Structure formats: structure tokens, C-alpha cells
Amino acid sequence: MENRLRNRRLDESEFLKMRAPFLAQWPTGREVDLDEAVEYQKNLPDSKNWHKVAVKLHEEGRTAIFPRAGTGLLEDQISLSRKLVESGVPFIPVTTDSYTRQLEFAKVDELLEEIRRSGRKLLNGFPIINYGVKQTRKIIESVDRGAFNPRLSLKSYPLATEISFAAGMTGIAASSFISWAAYEKNATLEQSMATNQYVHRLIGYYADRGVIISTDNHGWILTGMQPMTVNLATTIVDALMVAEQGGKSITSVVHLMGNMAQDLAWIRVAPRLMREYLDRFGYRDVSIAGVFAQHTPLFPMPQGMGGAFAFPNYTAMVAALGNVEAVSVRTIDEALGIPTEESHALTYESTNWLLNVIRAQKIDLTMKEIDEEAVVAEMEIRALVDKVLEIGDGDVIVGCLKAVEEGFLDSSFSPNKQVRDLVVGVKDCHGAIRWKEFGNLPFPEEVKKFHREKVSEREKAERRKMDYEVLVEDFWAFSKGQLIGRA
Amino acid sequence: MENRLRNRRLDESEFLKMRAPFLAQWPTGREVDLDEAVEYQKNLPDSKNWHKVAVKLHEEGRTAIFPRAGTGLLEDQISLSRKLVESGVPFIPVTTDSYTRQLEFAKVDELLEEIRRSGRKLLNGFPIINYGVKQTRKIIESVDRGAFNPRLSLKSYPLATEISFAAGMTGIAASSFISWAAYEKNATLEQSMATNQYVHRLIGYYADRGVIISTDNHGWILTGMQPMTVNLATTIVDALMVAEQGGKSITSVVHLMGNMAQDLAWIRVAPRLMREYLDRFGYRDVSIAGVFAQHTPLFPMPQGMGGAFAFPNYTAMVAALGNVEAVSVRTIDEALGIPTEESHALTYESTNWLLNVIRAQKIDLTMKEIDEEAVVAEMEIRALVDKVLEIGDGDVIVGCLKAVEEGFLDSSFSPNKQVRDLVVGVKDCHGAIRWKEFGNLPFPEEVKKFHREKVSEREKAERRKMDYEVLVEDFWAFSKGQLIGRA
Amino acid sequence: MANPTVITGTVGKDAHVIGTKILSRALREAGFNVIELGILTPPEEFIKAAVENNADAILMSSLYGMAENDVQGFKENCIKAGLNDVLLYIGGNLGVGKHDFRDDEIKFKKLGFDRVYPPASDVKTAIADLRADLKAKGKA
Amino acid sequence: MANPTVITGTVGKDAHVIGTKILSRALREAGFNVIELGILTPPEEFIKAAVENNADAILMSSLYGMAENDVQGFKENCIKAGLNDVLLYIGGNLGVGKHDFRDDEIKFKKLGFDRVYPPASDVKTAIADLRADLKAKGKA
């Protein structure tokens, strides 16, 4: 319990010293020259700056697409980026491959050779570190607009963000929870937080020099189905960490679970509470660039073409009704493998149609269910964040590390050994996600009662216990064109 | 002005005498034996009775698809019907071809020959009269569920409905306005009302013997874009005509125009006012089987696959949020020609996904815009129906005939010469349809003021007059993935 | 030179009115003298109207897929009626079901049409084509 | 006969956990003794666990598309470690991008796997297969 990491701004000199070993991880690290990079960033047009693009979308009342995409070779990544820009996508991801994510750069070089020789698809993403700053800039320069954002792993964060930002990328999912909770088995949250602190400080370095890089805060990415409040509480933790290191723009990410009222409630509550906690800690000059929605990646996809279109169209519809600035939708090929350029284009043609048509209506929905869900979500998020602050003595990092140990923050189906995994979620009669097991979550009794009632409502309606089988059925429901799992 | 048709129940003996000339139009007319037909109908399972299927959907809180489909050969029509049933469609259309619609049965025989010989697709629908009762029953018997509904023209109504009902079909779009307003140039409304009266009386004959055939009342199908209130007022006229002749089940059809709030308002107002007028005239035993939505067929379709899916998916989404019993969606091949079986299946796979997922949530939307639109729609519909009753001295038929002459009922882009065509519609800033020209519509000043304000709001926002060019742009907007036409 | 006269309408048993209305209006705004026959117009009526009005072109619409059948022998009947020089355009959705537009074009050109337009084609282009074709004939 | 012992986990650099969790749980409920290795499991660890636990089968998952590379020489290393008789199953999403599952099956069978399962395959079927295969070996 001693000597733990704290949420305190790193001195610049201290930070600059930390950089050397990361930059030495692979020869391309030498290409990073921070001063030159700041200049490069300053010369980018507004349409390539994540924060500015998000703010503009907000002003115009539009919802854009933020895809997931990455491919092995530079020329393919360029072609993919162009295709995305042509499809009207303003946010361009550069998803890295799984070897880069494990720092196996020599292996990547080998595979790149092999790909060039045989044409076989051996990398499931773009190996940004092997390519380095100069090569990666070619991607950014290949289009006349589009704000880029690399998708990384815990281990690769420091070097890969150094290279990405120097190459002109302006957004990054710099969350301590994202990798740790969804991608790692043995890594500890403390390691993850330390790594993220470095990245946040790098963002702060740019910010001090007038370059705004936005963090899309995903929080604790869930692998099981459960209410999003643990996730949303941790996006607030992310925000407080970023802000402390000097980051000035935060993109609030809200994962959807499929019930409209609940999803829309989360979309409303998340940025409001994030703003409140940022202000409470004095980070009034940190802005929330926008709200980004995505269907939590839990759901497998039906493989019929009709259902394949229905799923992203539904996500788009909910996002549009939520008036968010962007949404990540799964492509129509999602279940089959990494989508082709064509399926990206087709998917966004479809979802953009809906986003445009719905947003043009300037809809402001009221549903008593949204309000009800919002009240519950707010109580849960506050209970979680306040508990973290309480046991951390006001320090979110210290608090989180303890909270995970205690199971005050928890999730089901976790791949990470540190996680208690005492909670269980299940859908209710209307397809909203409820807590079936609370584990040690520090919720008020009132909240627990609400969930218990909803779960027992479904138990009664379906005359069966909400057991593991039901959970798996719920999980596959969307793949079968249903909201709620059926026996 | 003398001797006009009136909304009075035809005596049974009178009605039976009227049948002979119709049944003599083609040899297959001889296959109709009403007593045998009543027996045949009584033996159909509930899942083949339109009314019962609609009521069951209502009870279960589900929305189903009612497609448009028809093909030249019996075997193809059977295969199509089966495919539709397999896709989960409970309402099966039998769209007739354009020659049948003009009573050119000899020509149809010729073309059937030619099709069989050459395999070429020469008929754009199923020639139900040439096939006759026995052959057509094969379609109904080829599936184990599915309520059938023929799609006809004015001229073909009497003989074709005789054959359809005898063959076991249980729903029919028996509206005096549908053909007259959208399919005919020279036919008069009086002719159309007389023809429909016959069909309604035939339905009454079945009803007297315990067989419920439901009419889906489409009212005045619009060819131009304008608020749906003229259409909805005439569905009430349809209902009063059907009820007077003894029909016991009416399906309220609501055409959508694309703005959610406005569409949902129409969906709510239509059945409520229909019920009210039915009750006012004492037809308390006539039930409204359900509400069916469809995008008014005005809209051409984008041809890209993504947009092609987005359009029906959007329709499905609005229908589901409207909690209607069924929705007719355009297939993904709509713009290309008569859809293939496969594109029917793919389209309904997609729309059913959304219908299921959304209806499972039991959503009851409130939006102040819905309420606002509902108030305006109700005022307009009442003004129209009350005007018809006023000038018809309480008789809707007499009233309608006069109202059309005077332009109290009117529509733009009409193919029929009788229509005044003095009204013009245009979209407003939120994509709702407004009256730009009221012609002689008998609306209160308050309503007119509302529309004028909305039109001038858009004029100001776009700094241009809402002229014919804008109208055409509005018309093509959906094809371009937009709600509102853009210069 | 006087404004050229054109005949519009939807041929045969087809009742689709919107396309021909928009086309007619656009032609009128472009300065043509438009005789608008509307929907459900038998081929003979197009010929009759063209003869009576000394028309320079016939712009026929058909959406319902059965045009091929409706216009069999139309060109020959035009010639019989003395309309040797009238331009024949047809547009809309000219076949039943999903099919390749290029096949329509070949088919209807064989039937004597000078130009054939696919579904949802832009009227402005068509009007420009018409102007060019009339000019080539020394008519505009 | 004792309950058969099986090893589960996601191989290589793959972090997809949900499939292997569901599979493990289902195997346990079906009476198997399950050693659950979780995600990011190097091939050697599968072998080590199989040797230590005297396993009857290894049920490997891979979703991220790079399994082919991860399991090169796996069968040979099993044999080297004395695992001549252990059943090798693999399932998930075994190639990168949209591709034909039948190619995966051929490929992975060549690599020494006894059964290969496509994405989203039903665990019940797999368990039935496993029972049958074990029975054939006189193990269940």
C-alpha cells in the first residue's frame, strides 16, 4: 500500500527524463523531435484537429462517424483513410496490430516482409512504431481533412503516442482502464495508470505550447454485460487524470447497451457529471469536446446482410436521438473479420443517411424512462466516484487502486486477474441492463432495490431464474435480431 | 348535382342483382359461389385472417411488415408468398399487374403465354382475374399462415375482390380515393365511390355471415408532398362508407412523410379521430383492427446499398416508435424495379430486427413537437371532415363529391383531372411538411398562421423563396441521404 | 425562331405522374411550348397531339416497367402519320425488375427512340440534350 | 472413469476473453475438469498445463485473426512433450478479414488440430463432438 502512484502533475524536467527509455524501444523513436512536432501540429488545418472537429460538429448539430479500422501496410492504410474521408468520416482511427501492441517489433518487420512477398494478410492492424514518424505523416498528409487517432495497447502507449502525435494525430484513447480491463491478463492497474500518466503529460506538454490533443475517455471497457455506471465513473477518473497533467480537451465516450431509454440517459448524465467533477477540482479550463457513443463491443453480429445493416443503423439512430457529436458503429462485416474498405463505405453510407435525417429534425426526446434511468445512473456514478475519492483521500489514483482491490469498482467476464469479478448483469423485461449481483459495489439500498425489482419482474414474466444460461442468451440476442435473450 | 350517390346501405337483393355484370367480365367470374366462399373463409385458420392477425399483433405489442409484392406467374407468386412468410411477414399482398387493372384480360392471357414461352418478365404483378378462384386458392393454401390482400385498380375492383375473397383473402384496400387520386386521369370520384360501395357491400355480405374482411383505408393517396391531413380526413370518410355497408373491421393506414414528430402525431391522431367519427355515426360495433404505417410512396430511393437499407430501416424505426401493428417498407431494390424475392427477404430481415428490438422496449415517447403537431393535425382533419359533413348535409359521399369540386379537399401533383390542384406543400426547417399554398382548404386562420410561420422560418434560414425548385429538391432529399432539400 | 413544341406524357397503362409533371414544368421554364398529356396516354394520342401541334419532340415517360410492350411499332406509326422528323425521347424505369439500364438503351433505340434515360435522371441534362439535338436539326 | 480434464484459453497475443469464458463454464457444467488459462496464453503454456494435468484435450480460442502464426509447430511440440494422444480443438475467428471458413478448417487440420470451429459456433455441439472423440479413444 506504500509508495503508490498519485494524481499529481509531473514536473516537466522529470517528464522529459522519463522519455528516453521509451523512445529507445525501437529505432523510429529517434524520429521524434518534440519542438518540430509542435510546429508540425500547429500547421495542421482545423479539419485535422480532433477537438476542433468535435466542437464544430456540436455547433452544427451534427453526428459523425468514428470508425474502427487499421490495416497492415502503409499504402493500404492510406487508401483506407482516403476511403473513410470520402465516406464523410471526419475522425480517422489507426488501429494497430496485435504484435505492435506487445512491442514485438522485430516480428512485425518479419511479417511486413512476408506480406510484401506473399500478399497474405498477416497483420490485423497498422504497425505504427515500425513505420515511424515520417512514414506515418504520409497517412495524415494523404487526405485534406480528417482527425487521426491511434488505437493502442498498454505496453505500446508511450512510444506509440510519441510517434502518433509527432506524426500529426490529434486524438487518443488515453484511459488507464481501457487496456487494463479489456486487453490484459497480468498487467496491474497501477502500471496502467503510470503509463497513462506519461501519455497525459505528453498531451499536457503539447497543450502548454498551444496544441490541443483530445483524449477520448473510454473508462473501464466492459467485457460482460452490466450497467455502464462503473464504466462512466471511471471516465470521470480518466478526465481528472488527464486534466491534472495539463490536457485541455476531453471527449466523453458513452458505451451503449441497447435499451434506448437507458442509453440516452447515460448519454445525458455522463458529460454533465464529468463537467461537475472537473469543475469541483478546479479544472474549469478543460473542455469537453463532445460526446461520442458506441455500442459496447460486447455484441457479436448476425451474419445475414439485413441484420448486419440493422445493427449499426440502430446504433446510429440511438446516437442521433442522443444528439452526440460522433458514434462508432460496427461495420456490416463485423462478425466476419476485419472489414474491407467497401464494407466501411457501405456501412457509413447507411448510418450517415440516418444520422443526417434524424439530426436535421433537432429532436429533444422526453421519456419518463430516460429520466428514471438518469436518476439511477447518476446515483450509481456518484456513489462510485465519491467512494473512490473517499478511500483515496481525494486522490483518484490512490482511490481507484484500492477500489479495485476491494471490488468497489468491478466488472464481470474480466480477463484481468486483478478484477474481483463479483458482479453480474442481466437484461430486464424492457431490455435494459440491470445488476443481478452487486458484489461490493457501494450503492445505496434504494438503487439496489430498483435493480432487484426489475430483475424479478423478468423472472416472473419468463417464469425462470436469471441464471448463467439467460445471461448467455442475452449476450447473443442482438445476433438473433432480438433485444432480450429468449430460451 | 342531382341524383348523386349517397352513403346508404344497399339492400341485399339490390346488391345481389348488381353482381352479375361484374362476374361476367371474364369466365373466371363463374367460379365465385358466395355460400361456398363463406364456408371456405370460415375454415381458414386465424393466422390467415387479416383482422385477427392485426388484433393479435396489437395484444402482443409487436409491429409486423406489410410488403408490396406481386409477380406474373402463379408458381412465382407462390414462391414469393412462401419466402415472405418465411421472412416473418404475416400480411401478404397480391399486387396485380397493370393490364388486369385495365381489364385487358385477353392481353394478359397473351402475355402469360409469352412469359411461359420466353421466360421474359412481361407482367408487373399477378393477374388474379385470369387465374380465377381455384388457382388463386393455391397461393393461400401454399403457406400455413399469412393474411392475403390483393392490390387492385378502380376498374378491376368488383370482379377482383369477388375472386379474392372467394379465394380466401381477408384484407382489401377498399378506399374510394386510392385509385381515383393516384392512378386515374379521367375517372370521377363518383364512379370510384360507387365501385367501392359495391366492394364494401360485398364485405358486409361476408360480415353478416360471420366472416370478417378488413379494409385498409388509405384515403386520398398523395402524389405531391403535403401534410397528410387531407389524406387522413378521407380515411375517415372511407371508414364511414365501409361501416355503412356492414364492414366490421377497419385498418387505419397512416402515410409518413419523414419528420418523426409529425409522423408520430399522425399515427396517434388518425385512429383516435376515426374512432370518434365512427362512434358519432353509431358504428360502435365496427372495430379498428390496427394502425398500419407506410412511407408515402412519394420518395424515390437512393441506389447505393447503404442508403437503400437506411430508408426502410428509418421507416421501420418510426413505425416501431409509433407502436403500430404493421408497416409497409420499400425494399432495398425499390428504385431499380420490382424487387426480387431475395431483396424482400433481406429488407425484412433488416427491418424486422429493428421492429423487434425497438418494440421490446415498450417505448412511449413524449416530445413537445409531437403534441404540437397533433393539435394542428387534429384541427385540420376536423375542419375537413366537418366541412364535408356540412356541405353533404350529413352524408359523406355527397359532401366529398362537392368538396372535391370546390377544392375543400385537394392535393398537388394530381394525375386526376377532377382535382383542383391549388395546394402546395414544402418542408420546414425541421423537415416537417407544411402547407405553402392552402388553395380552398377550409382551415381556421390559426392553422394557416402556424404553417406560414414555419415556411417563412425556412425562407429566412436559407435566404431563398420556397419556390418550385425547392419543392423538387425536397422531393429528392431522401435519395441523397438528407431530410430537407438543399440547393 | 418560335419556341419549339414538345409533347409529354406517361405512355400506356402507366399512372406514374410525378416524373412527367416535373419534366413538363422544367421544359416550360426552359422556354419550350409544352403539350402535357398526363398519365395513361395511349401511344396514338402522342402521335395525334404531335401532328396537331406540329411538335418538334415527344418526351415519353414510363415507370411501371412495361414500356417495351406499349411502344411496339410506335416509330413506324409516327412515320405513317408524317412525323418523320420528330425527336423521340423516352425515360423512366423501362423494364420490370432489377436490370441493366444499358440493355434498355439498346432495346429502345432499336425501337426508334433517339434518346433513352435511366430512372431518376436529371431533367436539366435531358433539356440540354434536346437543345443540342434540335440545333443539329436546325430547329433551335 | 474420472472426469476428463481439458485445457482452455486464448492463444498468443489475443485478448478476446468472452468466448473462452463461456466455453469453460459450459465444459465445467458438462462435468469436465477445466483448467482455464484465460487470454494471452503462449502455446507453450497450453502444453505445460496439459502435461501437468494429464489433460485429455486442449480447446484453444483465437479471435483476432492471427492464430495461424501463433500455432506454428504446436502439434509437433505437443508430441515432443509426450502429448501424443491429447485432442486438439481450436475455434473462434481464425483468419484476418472476410474469408471462407472452410479454408481455415483445411489449414488448421493440416497444422494438427482435430477439430476446427467457425466464429460464433455453438458450444453444445463442440461438447458433443468432444464426448464422441473421447469415447472413440476409449476415454469417456
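Chains here go by letter, A, B, C and D, matching the order in which they are written, and residues are numbered from 1 within each.
By our rule, a contact is a pair of C-beta atoms (placed from the backbone, for glycine too) under 8 Å apart; a residue touches a chain by one contact, two chains touch by 3 or more.
As the structure is a computational prediction, the values presented were derived from the model and not from experiment.
**Student:** Determine the set of chains touching subunit A that also touch subunit C.
**Tutor:** B
**Student:** Let me have the rounded angstrom distance from the C-alpha centre of subunit A over to the C-alpha centre of subunit B, please.
**Tutor:** Averaging C-alpha atoms per chain gives centres 46 Å apart.
**Student:** When the centre of a chain is set as the mean of its C-alpha atoms, what distance in Å lies between subunit A and subunit D?
**Tutor:** From the centre of subunit A to the centre of subunit D is 31 Å.
**Student:** Could you put a whole-Å number on the gap between the CA centroids of subunit C and subunit D?
**Tutor:** One centre to the other, that is 68 Å.
**Student:** I'd like the Å distance between the centres of subunit B and subunit D, where a centre is the mean of that chain's Cα atoms.
**Tutor:** Roughly 57 Å separates the two chain centres.
**Student:** Indicate the residues of subunit D shared as contacts by at least two other chains.
**Tutor:** Residues of subunit D touching two or more partner chains: there are none.
**Student:** Can you list the subunit B residues in contact with two or more other chains?
**Tutor:** none
**Student:** Are the chains arranged, by touching, as a line, ring, star, complete graph, or other?
**Tutor:** Basically the chains just string along in a line.
**Student:** So, with touch as defined above, which chain pairs make the list?
**Tutor:** Pairs satisfying the touch definition: A-B, A-D, B-C.
**Student:** Taking the touch rule as given, give the residues of subunit C at its contact with subunit B in the complex, in rising order.
**Tutor:** 12-15, 17-18, 21-22, 25, 38-40, 64-66, 69, 93, 95-99, 119-120
**Student:** Which of the residues in subunit B come into contact with subunit C in the complex?
**Tutor:** For subunit B paired with subunit C, touching residues are 98-99, 101-102, 104, 111, 121-124, 182-186, 223-224, 298, 300, 303, 333, 335-340, 343, 413-415, 417, 468, 472, 475-476, 479.
**Student:** Provide the residue numbers of subunit A that touch subunit B in the complex, in ascending order.
**Tutor:** Checking each residue of subunit A against subunit B gives 258-261, 302, 304-307, 309-311, 313-314, 317, 345-354, 356-358, 360-369, 430-431, 478, 481-484.
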